[in-house]
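Chain lettering (A, B, C and D) follows the sequence in which the chains are written, and residue indices restart at 1 in each chain.
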């Protein structure tokens, strides 16, 4: 009896530190992006000078929302999870790696007025992050079992299947017209902004 | 009975991670601002060289106090809150977004010797952050109910109503004399520095 | 009885978030200092190129130790503290403000080969941080009462009284010979590196 | 009985804050490295421009994995630890110091196309971090006793003994052919990526 308690506590602490580390990295990613809004590029002290940071600003807004979505979903997924292990730690780091490239892709895209190649790279980073998230989800489900609450909560995961297709389309279309790609990226963000009620509903059902 | 405990724990953990993430982002915002005090601008190794970073330093002090006030109030508001939900998470991210623009606005204002346009932009960012804070407060109150301790604690919220008016006045007056605007921003900071005793008093009353 | 439990929990959570925020800010301060070791200044790819970052590196080592000492002492002081309040939050932010200037002072000193004015400024920032720490300590003791464990633990606080004198001497002597000042700063760091056994001993005695 | 509870809680909180601070610093280190992928170096908006950041990117990937390994192992070691003390706090800061130099070493290596001296410096930083980790491990074991679970879990520690030898070989061989050194660094990373099952297995045995 005591052993189970200890184990439970130990494993939930482990999950806690995983969350804390992820929160730290995601908080830093979401914040350092703003460093790309460089004052030096706003030559002068009038509003016209601000126009030079308009494109980086738009790119920043989009990326802020994406990182916010990832934090939100990561938060819900780990809330449903009950424990962690080595494979989950590394699947999580893999996700953080791709998210850490978002600031670079954002800056390159923003500084080059949403040109084709940067827009394609931005889509590629989003695609890799989506794949990494999907892998992390799979690793967590494997740990908890196919019949677990978590596995059920994930359900058919339509959003998760649609997003990569949009990214791939965005990458391909960026050489036709980068604004179509950006439209697709915005569309995916909007889809995810709708609260992910799946897990919340199930958790409430259980309680 | 046990279910209620579990639910309470789960929801307070959720609140805990919201606080932790906000703390991380606010801690980074308050600290990266200091990177705008650039050593390269202090050409030379005498005190005269420091005069080049005097205006950025003043702007840094003001923004440090503002971010400190936001952290403090955020801290008190969430302490009184008992649970979180998806809408609160996004209202919170919305607040963090506007706060994340404070370092840019601070740097632009500091580097341009408190010129009109940067001072107006600084006020606009403060205004948007105040609106975002007010929205977050409303979202939390909606979750807890109009009769909750939190809703009572917010009370008439004179400060919260006065601040946006000062920011709007500051934005408008920046083209007359930016120092009047700065005076208004300092005034609002001073008003908030007076400890927000409302919540503390009510919490003590309850206990 | 239950009320007291609730209050204790609420107040220790408040202390917990104060610690978490301070940890975040201190962790960022200690880490962004390394950004001043700029690769661009190491022109070339041989070890001779590294000599250009030698002085910034020495300044970094000293500041890393100082920030480490502050984290360590802050950690012990808050461990002995039992609760927090508004005045403590602001006294803590005041300390973090002065610590946040350490990276700038470190960079200015390192880039200018430990010249007189930067060495004096470095000492001034250390002096202000020491005063802020002393004010924070006083605010915490006031909250806990003169007879509290914390107040006794602080005792005569010889180190805390000696350090500001060394900083003041360092500031004054920097215009005679900055290396004497640096020697004094190193001396103070060494004094503090000796583990602050006061609180630890008392805590053990109580238990 | 109550005293033991209090002590246990107090000491595990102390450990908790040590973990939180380390998590913060490591999260910042792993994230600021990405700032070295500078958009300005990707002159232009086509994929050819990206080739200028290819070497920094490779160096970033390697360092991300190394910092991830350190976080992972640090995590497991502290999970097995039951309490902290002043010596452990400083041994931990010593490790964080060397890890904080990884971004600089990474950037210098990446910007200079893996030239001899930067590759040697990179190995030297890894070597010092390994030594610091070994010292931290020793300090923790000393606190817990030679017969503790932790001491047994560390066992013969083949990986820990092999890694420094590889780093030393890498440093020496960098002046023959830096790519051999890089191969050695990659090899060590791969060895560590295999999950450190020692502690996990023992913990499971105990439970």
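Points worth noting:
Following the convention adopted for this analysis, contacts are C-beta pairs under 8 Å (C-beta built on N, C-alpha and C of every residue); 3 or more make two chains touch, one makes a residue touch a chain.
Every value quoted in this text rests on a predicted model; they were computed, and no experiment measured them.
At the interface between chain A and chain B, under half of the residue numbers involved are used by both copies, so each side presents largely different positions. Chain centres computed from CA atoms place C at the largest separation from chain A.
With centres set at the average Cα position, the gap from chain A to chain D is 25 Å. Taking each chain's centre as the mean of its C-alpha atoms, chain B lies 36 Å from chain D. Contact with two or more other chains is made by residues 20, 24, 28, 32, 35 of chain A.
The residues of chain C lying in touch with chain B in their complex are 3, 6-7, 10, 13-14, 17, 20-21, 24-25, 28-29, 32, 35-36, 85-87, 89-90, 93, 96-97, 100-101, 103-104, 107-108, 111-113, 115-118, 121.
For chain A in complex with chain B, the touching residues are 19-20, 23-24, 26-28, 30-32, 34-35, 37, 39, 42, 44-47, 49-50, 53, 61, 64, 68, 71-72, 75, 79, 193, 195-197, 200, 203, 207.
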